[in-house]
Amino acid sequence: MITSTHYLVLGGLLALIGTLGVLTRRNVVVILMSIELILNAANLNLVAFARELNQIQGQVFAVFVIAIAVAEASVGLGILIALFRNKETVDAGEIDLLKW
Amino acid sequence: MLDAIFFYAFALLAVAGAVLTVTRRNAVHSAIWLIVSLLGVAGLFLLAQAEFLFAVQIVLYVGGVMLLFLMVIMLVNLDRAKQERQFSQQWPAALALAAVAGFGLTVVFRKAGAVLPPMASPAEQGNTQWLSEVMFRQYLLPFELASVVLLVAMVGAVLMARKKAGT
Amino acid sequence: MLPALALASFGCVVLLLEFLLGKARAAAARQWILGLSLTGLAVTAWTLWAQQQALDGRRLTAFSGAISVDGFALFFNWIFLVASLVTILISYRYLEIEGEEHAEYYGLILLAQCGMYFLATGTDLVTIFVGLELMALSFYILVGFLRGERRSNEAALKYFLLGVFSSALMAYGFSLLFGVAGSTRLKDIGTAIQAGDLHDPILLMGLAVTTVALLFKISAVPFHMWAPDAYEGAPTPVTAFLSVGSKAASFALLLRFFLEPLGALRDAWQPLLVAVAVLSMTAGNLAAITQTNLKRLIAYSSISHAGYMLLGLVAGNETGLQGIAVYVLVYTFTNLGALLVVAALRSKGAGRGTEEDLNDISGLAQRNPAYAALMVVFLLSLAGLPPTAGFIGKYYIFLSLIQTGHTVLAVIATLYVAVAIFYYFRIVKRMYMGEAAERASLISSSLGVRVALGITTAATIVIGLYPEPFLRFAEISLLR
Amino acid sequence: MVTLALILALPLLGALLMFLAGRRLPHAVISAVCCGTALGSFICVLLSADQNVTYAEWLPSLNAAWGLNLDALSRVMALVITGVGFLIHVYSVGYMREDAGYYRYFGYLNFFVFAMLLLVLANNYVLMFAGWEGVGLASYLLIGFWFHRPAAAAAGMKAFVVNRVGDVGLLLAILAIQLNVPAAPWIAALLVVGAIGKSAQFPLHTWLPDAMEGPTPVSALIHAATMVTAGVYLIARSHTIFESAAQVSAVVAWIGAFSAILAASVALAQNDIKRVLAWSTVSQLGYMFLALGTGAYWVAIFHMVTHAFFKALLFLGAGNVIHAVYGEQDLRKMGGMRTALPKTHALMLVGAASAAGAPGLAGFFSKDAILASAWSAPLLFVVGMAAALLTAAYMTRLMYLIFYGTAREERLHMHEPPMVMIAPLAVLAVGAIAAGYVSPRFLLTPVLGAEREAGAPEWIVMALATAVAGAGWWFARGRYLNSWPAFLQRAFYIDEIYDAVFVRGFALGGGRLLSAFDARVLDAGVNGVGWLTRLVSRVSIWWDIWIVDGLVRAASFAVKMSSYPVRFVQSGYVQFYALVMLAGLITFVGYLFAR
Amino acid sequence: MNGHLLSILLFLPLAGLIPLLLIPSDQKRSLKLCANAVMLAGFLLSLLLVFQFDAAAAGYQFTENAPWIPSIGASYNVGIDGISLLLVMLTTLIGFLATMSSWSAVEDRLKEYYALFLILQTGMLGVFISLDLFLFYVFWEVVLIPMYFIIGIWGGPRRLYAAIKFFVYTLAGSVLMLLGILTLYFQHAQEYNVYTFDLARLLNTHMAMGAEQFVFWTLFLGFAIKVPMFPFHTWLPDAHVEAPTAGSVVLAGVMLKMGAYGFVRFSLPLAPHAASEPWVVNTIATLSIVAILYGALVCLMQKDWKRLVAYSSVSHMGFVTLGIFALNYNGIAGGMLQQINHGISTGMLFLIVGVVYERRHSREISAYGGLAHVMPNLAVVFAIAMWSSAALPLLNGFIGEFTILAGAFAANKLWAVLASLGVILAAAYLLWLYQRTMLGEVTHEINRKLRDLSLREWAIFLPLIAWAVWIGVYPKPHFDVLDKPVRAIVERVTGGAR
């Protein structure tokens, strides 16, 4: 039977994959997508817990998470565009002006 | 039983989509696989009796966010980006850490959870109704706040993406 | 709630003024914006004051537990107010020089402060999460506000990517905490943790992930790495606001989290915080030694300050908490002061980033003795030497460590004061004993800068010499 | 009570007047004031009755006060100091007439008299120590009076530093006494250390010959008649301590005997007129120590008195000789001066005879008394006799080289000095003849106690002494032009050894005084020790720079260097930052689960 | 006015800052006059203390007590006893003389220079009159900052290194000291449930041995670095050599005293058991003796005049600490008097170097020689300073060192024997220095044209000489004022019962 653990494991898996994406992909846009995966993992957890505990708050929280994710994505892409105008790159590895 | 089949199907969708999102060289492909993954998650929401979330996921996320991504990908012409290395040099370290993290997660989730009971709202409302009731009663403040956040995001995105005056 | 309302409404209005004003960037329009922002702050101050009076030591919970207004929250809100006030005062001329005079800037500052309000008052995971995002998103944009500058772009993007990563982690952690408690109210979570199994892996995982996200916000090692880059790349007033406001708000949140819901897990997180605090002091102080960029130097030093503040939490007794409060207060004025001197170095005509180098302040004492002298006061305070305010902050931290028997930690913390003085005084050395640099910038101060300087200096010295009312205030605020 | 204070006050006031206003005063006033104060003190000593007065507190916690004590012993000392002092003041009026630092000289001289009087009159050891150090200071100033001469400056410093070595012994002894530590041999031993430093006894005798760099009257007053006898005075004054420390007394006797014979043999080989006298002084002081060591305290004082007369006489005579030959001090360049300086010759002859122990003169009696006291220790007696023989020999040699034979260098215009430089000699000569007949025995015995019964037949000692003196004369008469072995001339190289070990060791490449001895310092054994002390000093500095400071530097360097690794972790790559965060997170989780 | 005499004295220099800052920077003469006038006023005012001080009374006098930071128990609590009285007098005198000595030595950035000196003066006075540990600590740290600038701006060629070394070194010590103070504060609060920094109340604290040891050693580090004791002394030669003359004078004359003062005022009374443990006493006495001999030996090898004087400070301060840790009346009283003596004699020695340096701009000993011919007055002053420093009886140094040796002798004879060797070495290095610089023929033609002491310079030296002779000839008044407090301390340390 499907238990909350199933959801949690799935969430963990998604979070892990997302994290890997954040850590390894050089394309900033893809990094942003990976972060969406982590947020989705959180949402899966919330939903699963909401169901397990019969608390709708989990789902409400998830709605907020989605809203925040949207906001983040738009701001992030805005910043990326501003950078792209100056530097013509979306490669995270080339953003190295500030260091040490 | 049917639940299980659906669960695994959606889970497969979500995980495969995620893996492919992260591994595709082409950012557009990544975006499309992300949509797949998000759809899978949306399906799981449905399975977990979160109908409203399902809708939000489809409309806001898959619709809005992905559109945004695709637009940006188109905007910042990425011919050059495609030819370059797609993975940073630290991927072995990242992979190793992820493996450790994965091991940690298995430890955390080792214990078997309870079989999920069906959701039962206090007043026998539908999911959306229940949710909105809680949201507007209990979470009114964050809700208002979220609208400010979105405003900030909108203004910010416009501000940042706008060409600098005089240049 | 009123202060947040004031902030949000004024913030939104100012934010949207840009569209209303359009291209007509007349001086009058700019003054309107500035005036409106300051009015917003004034109203906020008034509402805070009113609440302070009404509260009278009690605790008010509003919005069915989403926020709770108490002395603690108000204390931090005053700090946020000071931070935004000073930031706004010094930004005017700075933006003029950079040619980026947009109304959004002031609106974002007010909205960021609004976010901070919820970090200090929030008692619900959702409120906190959304408030945090409001603050964070505003800051991402503010850091990258100089769109024409690559350093600003890069700083914003780095800060953004890491910030988003950490808030994603935070969301994940929150989801686990929700799973443990079945509620998003901090109080319920605390009750659930106390009643439940303290070794529940899900709880521990949630604790770890949440802690990481919180430590990220206060830029504690090893989650600090965004800070030097963001501080350096951001416009200097934003650096000031970021290093003070964001940090203070995050500390308010941290305190609430670790004392209320996670208090029962003290045995679990205390060693972690000890390690993080020591690492922060070590890495912050050591890395600062060889820095030549002033903002970067201050960034590293602020990492070490985070370490000191965490020590107060490690001690965890009343003195420690009062110490954190006082430390944050002192740090606010002092760090603002130091950064505003750096901001005042910015002048038209010179390339960006060139006024922030150690070489550029060489001989400042001869050209501008007042600024140099005030900088010395701020640096002494940052280092924690009497009779400046910084000492009072350090005093509480050290005392709390001794009270709780953390002698070794106390010795380490004190020895780092000596290390710190070494790099702070590299700045002094340049200002007073260096040859006047040829292309050194001239201070071009504005009324705003002078007023801000007056506020920060007065506070730094007065808190140092007569801290009694401030200590009393902190004590009353924390009394719950 | 008043006169007692006046004894001290007069010379002190004279000195202060000289230092504050002397530069502007005419020579006549200076002479009158300074001679007057010395004479005044002398009179005051005569007028004062025995008494012990405390004027004011000084160091209450150490029982030290401003207090003076006049008894027989200090009266004898004070009379010698002020009396001989007065004569030498008078003599100096002539001798220093031409000197630019006239006022300074007399100021120092008066200060010396003050300090010396303080030494002998103090009624407690701490105040005595003040006088003790004060005379050291005066000696330093007067030896280095011609400070433009590096040798003089260096000799002054040497005198002071060597004296300080002894002073430390004395200081510790005084501490023990003032803190009421029960009398013990080690306290006596410490006193001896102090005494031999001031009285130039082996092994701390080396400064005295060098002290001859000072003006000759100074040598007469300080380095012959008075200051160097302070050690004798000290031991006599502390005789109660020595009476309970027989071993230490024996050591004192042996130090005295050894110094006597060592110095006498060295004196025989010296070619500098003043150095002969200086070594002679060391030798005579050795006699006094011999007496002290055998418990014949009053005898030591007796010899001190006679020695004051004849040695001052000899020094002043030598001053006249040097004055006559325009500063030449080398005996080999003199000779046959009897005709040119008849008065000086006559007076010096008295002094030399007295010193050599010619029967009937003062020196004869006091020396006899010393030898008699040593009778019970045959070995000491023999050594004393040998020293007496040598004394007669070098005195003979000295007189012959100066006054007899033929002039070994042509000199013009040799003439007697003015009366002011003859008259004091005459007075001293009277003393050198007559002092032997006024034995202070009965005066001093109440203070110092009677000497042990030596049991020596008086006439045997007298006869032996006379014979020995005659032998010395006979021996030296024919050989006075011989040159003597180098080890004698160089005083057994003791100075060189000290230079290498202490002075050069500490003060590498020091004064020019030392550079003269460079060649000899390279003696292997000597050099080894010198090298060692030099090394200690070097190592101290090296230690300071490299270890103590080095640790500090290393620490600060390490801190600074550790900045770089911490800094360079900040690679600038945002994904690396995220990686570090993840690593931190995993560590956290790992810790929490492993806990 | 008398009720607030100490406060007036303390804040007078700070008040003097106001007119000083109002004078335009180019009016150099007015600036100098202003600073000198303030310092002189301070000195004259401090003379009132002398006349009104009652040596026979126990406890503190001229006390003032006002709440300052009640929430942490810190108060503005000042007062003096005999020990502080002497040091306050030394501070006001040396401060004034140092300022006066800068009249022609310092010509640039005058305003900052004198302002820093005024702040420094307040800081130093504050250290000596504070009876509240918090207040004490504040003043203790305040002193560091102006001195850093004085060395760093007006110092010699290696001033930057010397300044930061001085600062970081002493700061490291003092922050550890803060830990000690806080521990004591906390221990007291645990016992009495009252948080206070009041010295008088903290004296009642009963601590376990471990806590007391911690308090003692942290305080010890702070004070020992300041004194400085071997092996914490290496900041001193650098700082002294590089500092301008007035800086060196104040540093050696007053600031080093803060350390030894701390031992006597705080370490011994507050942690008497820890301080009187045999191994502690032996360790510290050994360090002191090493400092005495070591400083003197190093002096012998110096080629730099000022460095020699600096190392001699290490040696002389070794006597002071030895005396203090003899833990008996003579040792402590002698140590406290020797502090004054060292201030006088070393102050004079540094002033002498300053006089010569101002004319010739070299501190190399080999650059001089035969100066007594051209500067006879200086030679006289130098001689007096030298004898004072070399402990010649009837001058101040002897009284101090002799009393200390008496104390050491009573505690352990070996200490006295070893320490007394330092007396020999002191004579050796000082006389040799004198010989090389003052005596002999003039070795450098350029030195023939040097001016002798001016009237102003005489005015600087005369008070110091007078004081030196006073102590040497009639030290009783000094011992009288020291008597009561020193006896109290000895009783506390050796009395056992608290």
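Each chain gets a letter, A, B, C, D and E, in the order it is written, and its residues are counted from 1.
Note that in this section contacts are C-beta pairs under 8 Å (C-beta built on N, C-alpha and C of every residue); 3 or more make two chains touch, one makes a residue touch a chain.
In this text the structure is predicted, and so the values were computed from the model without any measurement.
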Inquiry  = Counting one step per pair of touching chains, how far is chain E from chain A at the shortest?
reply    = 2
Request  = Could you quickly compare C-D and A-B and let me know which has more C-beta contacts?
outcome  = A-B
Query = Of the other chains, whose C-alpha centre is the longest way from the centre of chain D?
reply = B
Task = Name the chain with the Cα centroid closest to the overall protein Cα centroid.
result = E
Inter-centroid spacing, chain D versus chain A (mean Cα positions, whole Å) = 96
Key: Cα-centroid distance, chain B relative to chain D, in whole angstrom   = 102
Distance from chain C to chain B - Cα centre to Cα centre, in angstrom = 31
Inter-chain centre distance, chain C versus chain E - centres from mean C-alpha coordinates, in Å = 43
Query = Which chain E residues touch at least two other chains?
reply = 168
Task = Any chance you could list the residues of chain B touching two or more other chains?
result = 88, 90, 94, 97, 101, 104, 107-109, 111, 138-139, 142, 146, 149, 152-153, 156, 159-160
Ask   = Mind pulling the chain C residues that touch 2 or more other chains?
value = 126, 129-130, 133, 137, 140-141, 144, 147-148, 156-158, 161, 165, 169, 201-202, 204-205, 228-229, 422
Inquiry  = Please list each pair of chains that are touching.
reply    = A-B, A-C, A-D, B-C, B-D, C-D, C-E, D-E
Request  = Going by the contact rule at the top, pick out the chain E residues touching chain C in the complex.
outcome  = 68-72, 109, 112, 137-138, 141-142, 144-145, 148-149, 152-153, 159-160, 163-164, 167-168, 171-172, 175-176, 178-179, 182-183, 185-186, 214
Key: Residues of chain D touching chain C in the complex   = 556, 559-560, 562-564, 566-567, 569-570, 572, 574, 576-578, 580-581, 583-585, 588-589, 591-593, 595
Query = Of all residues in chain D, which touch chain B in the complex?
reply = 573, 575-576, 579, 582-583, 585-586, 589-590, 593
Key: chain A - residues contacting chain C, complex   = 4, 8, 11, 15, 18, 22, 28, 31-32, 35, 38-39, 41-43, 45-46, 48-49, 52-53, 55, 57-58, 60-61, 64-65, 68, 71-72, 75-76, 78-80, 82-83, 85-87, 92, 95-99
Query = Which residues of chain B touch chain D in their complex?
reply = 88, 90, 93-94, 97, 100-101, 104, 107
